[in-house]
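In this document, chain identifiers A, B, C and D correspond to the written order of the chains, with residue numbering beginning at 1 in each.
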Amino acid sequence: MKLLYFAWLKQKIGTGEEDFPLPADVATVGALVDWLKTRGPGYGEALGDLSVVRFAVNQDFAGLDHPLADGDEVAFFPPVTGG
Amino acid sequence: MKLLYFAWLKQKIGTGEEDFPLPADVATVGALVDWLKTRGPGYGEALGDLSVVRFAVNQDFAGLDHPLADGDEVAFFPPVTGG
Amino acid sequence: MIRVQREDFDVGAEMAAMSGNNIGALASFTGLVRGSDGDADIGAMTLEHYPGMTEKKLAEIEAEARERWPLEDCLVIHRYGRLEPGERIVLVITASSHRQAALESCAFLIDWLKTSAPFWKLEERGADGEEWVEARSSDDQAAEKWAATKK
Amino acid sequence: MIRVQREDFDVGAEMAAMSGNNIGALASFTGLVRGSDGDADIGAMTLEHYPGMTEKKLAEIEAEARERWPLEDCLVIHRYGRLEPGERIVLVITASSHRQAALESCAFLIDWLKTSAPFWKLEERGADGEEWVEARSSDDQAAEKWAATKK
């Protein structure tokens, strides 16, 4: 699967993109967040307050309970501020 | 006083502008309308249905009861359709 | 600023000329001569106006908009004379720091001048001859909506 | 039509390029980089976006506008990259036979893309360094207003 991070999440995590297989036991966006937080302090800092994080699965906004399949593109970013 | 007619009122009355002293006994826009209707069939046709006529005195919208003084500029026109 | 003129205007140039120290939002409305109205074809039209009162009313409408919204700049141009389908009739541009002020004041200005600026349209309708356009009650309703929200 | 691009755009030229058989009304909104925010001076800003999802979301928003209003044409341009104060960020143009459809759909598009198009602004705040702009709840409210009126 492909993971993307934008804005300050990218800065805290230290990369904008990662590719790896869907971890075992990770079936939802929420479970993926929990799994990522075990990977290092940058992830913990970026994903510590989920009230300021939004998620997209395959380029559509998604909630924490959205199911995941291997090959999905999952993005993490702050609330949008364009326009 | 100066009288101005616009759009189809000008066509029915046959002129766009007239100047004459304020007639005696004419103290309001409504009285001026009644007086004008005695001046000929064009006036009667133009001012027959006042629901489609608007008035301005000295370039402000005015009602039939608006008072008149000699020297006023009084205009008669249909509801506006600009923009 | 308001302008009542026979000549065409350049929307891009007018927008670029809007001045202010902190413009974050520019809203515009351009009205054009349509080629048809329902089933009826429209040819050219002639816009008659009331010189003097037109400028006075547009200036009042502009002052009202500047009172109701924090505008950096504001422009209304209205043409008169004979215009062909596709030609520009009217332009409203509002500039503000914030989006809602620009959008709302632009809508206010065009809604309001539809009912308060003394212009009349004479349409050329081919074989049917010429016809004065009648005022629409929907225009009155649009303007009344703003009167109801007056601060 | 939607375009996501680094380059500037020409509002007048884009407006002139709107096509339709019976355009009577053109509404536009242009967003620009402001020079200050309250008391704080703003320098340049950098707009980051999510390539792919941005285009997808803007196309969805445009399709929604075309479904809700009878539009002759519709254009959304959003820039990304580094922009200085005064530079244009975003352009919305809507064309319709009728004024209210053009005005309302233009406001809808800009309100909605503020909350649904994946862009993020990084402001350069002089001695204070860089700061990611936080989303405003007023933007959510503006977009929710349209959700409430969905036909």
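Everything below uses one rule, namely that contacts are C-beta pairs under 8 Å (C-beta built on N, C-alpha and C of every residue); 3 or more make two chains touch, one makes a residue touch a chain.
Everything quoted here is computed from the prediction, not taken from an experiment.
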Any chain that touches chain D and chain B: C
Can you compute the centre-to-centre distance for chain C and chain D, using the mean CA position of each chain? Integer Å is fine. 23
In whole angstrom, the CA-centroid distance of chain B from chain C equals 26
Whole-Å distance, chain A centre to chain C centre, using C-alpha means? 48
Each of the following residues of chain C touches two or more other chains, namely 31, 99, 110, 114
Give me the residue numbers in chain A that touch at least two other chains, ranges are fine. 83
Touching pairs of chains, which are they? A-D, B-C, C-D
List the residues on chain B that touch chain C in their complex, please. 4, 6-8, 56, 59-61, 75, 77-83
The chain D residues in contact with chain C across the complex are 10-13, 15, 21-36, 86, 97, 99-100, 102-103, 106-107, 110-111, 114, 138, 142
Residue ranges of chain D in contact with chain A within the complex: 31, 47-50, 52-53, 56-57, 78, 89-90, 110, 113-122, 132-136, 139
